[in-house]
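Chain nomenclature is as follows: A, B, C, D and E, assigned in order of appearance, with residue numbering initiated at 1 for each chain independently.
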């Protein structure tokens, strides 16, 4: 399988605390990486770093090493990141949110109604998102996964606010994605009920103190 | 045990959809009520209604029936509500947030450092909350439970963003509260790992359509 | 905490009651108004100073006075809505505000039109005019707030609070002519002790005022009925009413 | 809870709001900067002629006061609404009116007080004749708390609507206008050599009225907005 | 993605921002209302004397334009930052500069355009002599897009820095001032019966420059802000 991510000796120091140091990882198509650790360990920090939203203090990180030289924008098209913040506009309806998400992702939604049905929002398409329940808002954000053709998904606690049925649905989508050669990096405090064929677990331990809290 | 909540024939209609109709419930000291249902069923709506934040379309609701006549503000002192929104000020530190929460709850924190230690935030007390991780922010909000003397807790998805250890800790606090004669109403998509002595489960089913969506 | 959440208010009864009043109100309003206006505009003697241009008084004064009266009525409805949570009172706010706004607007326009020949200017930032303009803004604000919320009860309550806060403006309008040296003339007809007008003028004026009152009441009644229908749209009786309405049958 | 703890709650809330404003450094100097900006821009825009500037100075400063008050209004309850603190206030055993009063006080400290303090300087920049200074400061001292109180009412009414900006200004500016008229009339009188005591008394009376009624209205509005 | 889909993205983003603004009923009328309000307040505050008003009219309208632009600035990126959309924009395959341009355009449509359209009416209320009207409208037409562009730069930098915020509006001010000077000078010239073509040409040139550079600056600022 193709190599999608390779990182060496990544280090993150935040507010004088070393979150992780010398962290290396590799991810190939078909892999699922479950980043684990207690609250505040640095999982979200790692994911944002991998997505290119945060610089690393030291270490090297390369996404899609096979393409990064001839097409510097390749990773933007092939990466999908969903963080703690859902990027759902409260004033817009589910349908409008889907459309704008797809535009930003450079994806094309063949049949938005079908997509709404898939994520269980059919019948709610013309209500502003702020009037939807927490789980329904989350489903709008996650609908991106069904429209996306990106190879690498980076998902920070995707199961938050979802009901049991929703979690199952999401894992089905994960399975399909992995089967198609994609890769997923995710965090979750819940265990996956689904057994991915190639599962890596990375544990980040509770933060160690450098003794130098104030920079 | 004393009767804490009694509700009869509660009905909620939102945006032309009946979320629940004719819902009746009773809660005594020592009870735990787990409200269950899929996303968008109306769990949060019910909890907000019980907390007095939303009016019901019809039905009767009484909190603390034994005291409501002689002390109309009794319920305010004896009720603690934590919803989807955590009421944590992003600009303030954990310590400041705890202080202001206690002030609003009318509670007194004997030893704030002890409390910080309990919820696992020791060493992070002087960082603005916005720089804490999702789980740590949630812990600040939940610290209210350790400071509170309220009899009735209404908690909407308290386990969100908590790690395994945090969930366990919270359930220990629940157990102590219930033992002391308190009662809890909560929603959660996860099952409780703790077995409360008096557990009621209320299931709200997926919304039914009245056929008249537009008022 | 003891919250009694009564079932839907009796919108249907109110609707039908208002429906019974409406024709009488409208009829008498048209009659009185016609008498007053014809008398005032055609038969009352011309003013020895202003000639015929003074006749605008027969519209200006009633509309100005009623714009304040309807606001007071709206504020009372708002108080009732907030304190007793009566839905009919909430709906009356929405029914009264546009009517009041139109009355205010008429008084502003007629005042401005009268001001041109009298004071040589359409508009001046004089206290009376300014406070009357504020009244218009208040009406618009109440209306905007009422309709700004998705939940109609929330909107009604918010609008009620604003309506109550705005009551302060009413005495300001009335007393502005004394508190500031206003261009606008002081009380002419409201000082009953000694009206500074001949009876041939103020009697038709009173008839006009009375006619405007009836007309305003008729409009408010009609609007209130519409509002009840709008709010109770999902109730079976409204479906009945709509199905039986002559409009639908054509 | 007793009286003492109520007042400590009000203090705590005020301290909280002030320190939130300070942390967000941009906010804390914002009204101050705004005032300075307008007062600097005006002579540039209008031309530096003494007599024109002096005639409009009091008016300009007062319009700035209104706008500064409006500018701070969105911030007043918005954050508390979004992060759920407003809900907690409604459920708190403390009377909501007190919390409303704390909010009004903070708004004044952040937007009214800086203006009052800066006003002599503004008067200088805008070339207001010396005689008018004292009256101007007095009108601002009496008027700005009212502005804060009214702003709080409007902000509480519109907080759940998303940025309440427009509706808010529609609601508030009409309420502000009488204030503006009285205040500028007072300065005008002084400049013409007449006593302004009448207008000032009126302002004072109106202020007492507003400050007693506003917390009640704000509390009612918050309750409405939360659900 | 090709050129066509880029432009469709810009349209989609603009439509999105506009419809967000419309939904939030309050917002869509906001700058419009703000302008009207200030223009109503001014004669009240300053006194209705024709000649004074007429002399300051153009200046007042331009100061209002600056303020309206600043007022809309917080809104510009704040919501997108809070709900995470800004992150997604940075990660999007589409060039960030285009998204920045869409933002600037929306800001102008919501705060500049209404002012341009209303300006004749404002001129009437403020009793600007008739000769000045055309020039005023022209300066606004050329100037407001620049205001939007500059405001967007400031807003993008401020959105996460928070602390740098006030300082930045302080930095923006010097950029606004030349604009203000040229625009009011243009109207002044016209009123004095001289041609204003020089100032207008300068404004036009400056506008082209700003509009080409601003998207780049905004995009860079957003990138800095996100992490």
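Keep in mind that, in the parts below, a contact is a pair of C-beta atoms (placed from the backbone, for glycine too) under 8 Å apart; a residue touches a chain by one contact, two chains touch by 3 or more.
Everything numeric here is computed off the predicted structure, so don't read it as measured data.
Common partners of chain A and chain D, by the touch rule above, are B, E.
By the count of C-beta pairs in contact, the leading chain pair is D-E. Of all the chains shown, the one with its CA centroid nearest the global CA centroid is D. Distance from chain D peaks, on a Cα-centroid basis, for A. Distance between chain centres (mean CA atoms), chain B to chain E: 45 Å.
With centres defined as mean CA coordinates, chain E is found 25 Å away from chain D.
Annotation: 32 Å between the Cα-based centres of chain C and chain D.
Once the centre of each chain is set as its mean CA position, chain A and chain C turn out to be 59 Å apart. Contact with two or more other chains is made by residues 52, 55, 84 of chain B. The multi-chain contact residues of chain E, meaning those touching 2 or more other chains, are 23-26, 44, 47. Those residues of chain C in touch with two or more other chains are numbered 130, 144, 148.
Taken in their complex, chain A has these residues touching chain B: 14-15, 37-44, 84, 120, 123-124, 127, 131-136, 138-139, 157, 160-167, 189-190, 209. Interface residues of chain E facing chain A in the complex, by the touch rule stated above, are 1, 5, 8-9, 12-13, 16, 19-20, 23-24, 79, 82-85, 87-94, 226-227. For chain B in complex with chain D, the residues that touch the partner chain are 48, 51-55, 73, 76-77, 79, 81, 83-92, 96, 99-101, 103-106, 128. Considering their complex, residues 24-30, 33, 37-38, 40-42, 44-47, 52, 55-56, 58-60, 62-63, 66-67, 71, 158, 161-170, 173, 176-177, 180-181, 184, 188 of chain D touch chain E.
Looking at the complex, you find that chain C touches chain D at residues 82, 127, 130-131, 133-134, 137-138, 140-141, 144-145, 148-149, 151, 154, 157-158, 161-162, 164-166, 168-169, 172, 179-180.
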